[in-house]
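Here it is, the structure in full.
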Amino acid sequence: MKSRAYVSSVGLVPVGDHWEKSIVDLAVEAARGALKGSGKRKPDQIIVGNMFSAVGAKQEQLGALVASALGLAGTPAYKVEAACSSGGTAFNVAYNLVRSGAIDSALVIGVEKMRDLEPEEISGALAMAESAEYTQFVGASFAALNGLLARYYMEQLNVTRDELSAIPVIDHANAVTAAHAQFRKAITPEVVGRSAMIADPLRLFDCAPVGDGAAAALIVNDSAASGSKRRMAEVLGGRVATNEFSIFEREDMLDFKSSREAFKGAMSQAGLVQKRLSLIEIHDAFSVVGALSLEAMGFSKRGQGSKDAKAGKYARGGELPINTFGGLKARGHPVGGTGMYQIAEAYLQLTDQAGKNQVEGAEYAATQNIGGVDTTSAVHVFGRAA
Amino acid sequence: MAIQYWRRRDRYYRLVGSRCKDCGDEFFPPVYKCKGCGSEHVADKEMPRTGRIVTYTQLHEPLPGFEAQAPLYLAVVKLDNGARVLTQIVDSPDDSVRTGAKVEATVRRMRVDGESGQIIYGYKFVVRS
Amino acid sequence: MHLMQSKNRAAILGYGAYVPYYRLPTTEIARVWKGGGSGPNVEKAVAAADEDTVTMAIEAARQAMKMAGTESVGAVFVGTESKPYAVKPTSTIVAQALGQHHTLAADLEFACKAGTEAMQVITGLVGSGMIEAGIAIGMDTAQGRPGDDLEYTAASGGAAYVIGRKDRSAVALIDCSTSYVSDTGDFWRRAHERYPRHLSRFTGEPAYFHHIESSVKTLFEETGHKPSDFKYAVFHQPNPRFPVEVATRLGFTMEQIKTGLLNPMIGNTYAGSSPIGLAAVLDEARPGDKILMASFGSGAGSDAFCIEVLEGITRTRGVNPTVKSMLERSTKIDYSTYSKFRDKLQK
């Protein structure tokens, strides 16, 4: 018994250094935002997307913990983990449950507490997304893998430093007016190109920052949606895909297969062609990852992702606006939370609640959330609810 | 920590990877199933110890346990049999660490578990001009 | 008779040397601790932060195995005074890296002569027929206390020898050797101490010279050999001066010792010192050449060897990097980098 699925409300915690808030505080704050106005009706299911609460907060069993904190003990609840794509993947589980008819509604929360750790501990936690035996073992951080990828991209496809800087520049421009963004300051390509070296050739401004955050959404089916006065966005399609685990094992490191397959799957489920999309929230944890994502999903030709960004194609007002609230670089990247921020942002756009960041007349929006270096991808496609 | 790495010591010291008994493809890290032909008839095999750099980076912010080695070079190396290894590059002048450079495997300390814990050894590569 | 000669003839089947990439000019040490000048040697070889006796022994041993074309050995002995573990053998890690499991494995300690002692023991095991071949390694990452005179010379490096039954492809015959020891405390390191100590000039006359002269003279007396019988001679080299002095006293010329005299460029590699000197000689020797090697270990003792180069040496050219090439492939570092590498700043 297949059902339609809708996002009926969202909650967002501004991304940043939340010294006073624990992982549960963050999750509860986002969840309350999403539950506000839902009255006495409780979600049938709670799913928490999170990457490293065990390391970052010495806490597991987040599902039950958050449910209990929300006064919803008794509700089925668990955590879904897929590194940085934990949020998007958690949403995908909820979407499939609702769509299949198994449940009427679910509360999905993406949350990460990063700032309780020292910077090198955060690097260590993020590295856990990659092979303990062959990546962490040799001392390769997550940034290092992306540095390897960036050099390969630039050398093989003749991409310049300036071109690589284009996506971070777009992110920062979009974040200026985004209330929940971590860095609301515009930057120039020169700022990116002169920032501190992290993993040559990647510099500080090529890399998403560290931050705490949580975002939540309530996903409902027709019956739960009926009678609601809320503005809704319909979930038209969603797919999770995976690639060969480590980039160095892949025949072509520059082919983001999981993003390609997830996007293709979600779009075909939605019955949409690419050009119908009004915007896309992409997973640019590093500038090069943003460029390769755009190429994998077919918006740019091979080697053209950064070049197209530099030419204005992906700016607000361009052919296909990306990262309309700042993306991972400027809105911020609380890793397990990121996928849910993207979904909340797509919802805001399709329900005309994006304020100064509104993409006028947005009809369809997509979100692409990656774990690892394109190792897991969760793509969802949304439309205005009829 | 030590046990997790002990288990893999032949892979770390001798670059023991896999060879597909059906199609002859070779892999490092070892595989459960041949990525070429899908066969599950794979056996351990020592990899060649030389290859070329496919891409590299110099990491300025090392992972915990690698602080003393910073800044460190990491590279994807394509071995002479086609297998691809992620590795540190050591003992090589900055201008020699380049895409296409010939490299050779060596064994080095990977990390040390504090003052009293065990020393973990494994492969790193050196540029051979 | 004090001469040690195996009934079955044992020979070097392959060898490999290892000198780390980094060199610390002794002017750097003098600059930091003495306000200028230099040490007795020009530079010393310094192991990188991620190197130790295990890693260097593996490198040398791998080369030696490759040259010997040996698939398996019955003994892996590592002579060293810088074991990474106080308790846990260096030799088992080396054996694992060489893929050797059905083998004796042990670490030998006799200050600077543990490497040559390993060679004698394996010669005996091969000579008795107990094993077909074994590998003897002399390797150290020698450390001197910062500011101590030993810091000028204490260096890293060494060599490995696969010794097996003499056959047509053998590189050099280990014809015979002698050993001479006494209780002489010229240099020592107590348990749990980080750096060794030495008794000023005591290390010369009653220690180095007395023991080497005794072992070499015994060798001469019992074999009838004289210095002119040898094309090359290698003496333990704690500094550039001692080996020259002992060579002169024993009747050898500069011409005979210069090929194996590496101290000026790499320093004192302790248990690696005589073995790596021998490797430098073998890199250039020809069939029929005789080589005298005499090690010295504090505590104290000396092993003297009579080695004869065989036809097999000709097939070894180009198989492994030469000692000379390792001296060339190097880069200079300053005292601060050296401190970082060798943990000198640690209390």
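A, B and C are the chain letters, set down in written order, and residue numbers restart from 1 in every chain.
The rule we apply is simple: a contact is a pair of C-beta atoms (placed from the backbone, for glycine too) under 8 Å apart; a residue touches a chain by one contact, two chains touch by 3 or more.
This is a predicted model, so every value here is computed, not measured.
At the centre of the protein atoms shown, by the Cα-centroid criterion, sits B.
Seen from the Cα centre of subunit A, the chain whose own Cα centre is farthest off is C. Averaging Cα coordinates per chain places subunit A and subunit B 32 Å apart. A separation of 59 Å divides the Cα centre of subunit A from that of subunit C.
Residue numbers of subunit B whose C-beta contacts span two or more other chains: 69, 110, 124. Remark: subunit C residues 20-22, 48-52, 54-55, 58-59, 84-85, 93, 96-97, 99, 331, 340 touch subunit B in the complex. Looking at the complex, you find that subunit A touches subunit B at residues 119-121, 123-124, 127, 131-141, 143-145, 147-152, 155, 196-202, 244, 246-249, 253.
On the side of subunit B, the complex with subunit A involves touching residues 4-5, 8, 11-12, 27, 29, 35, 54-67, 69, 72, 74-76, 84-88, 99, 110-111, 122-124.
Listed in rising order, the residues of subunit B touching subunit C in the complex are 9-10, 13-14, 46, 68-69, 90-91, 93, 106-110, 119, 121, 124, 126.
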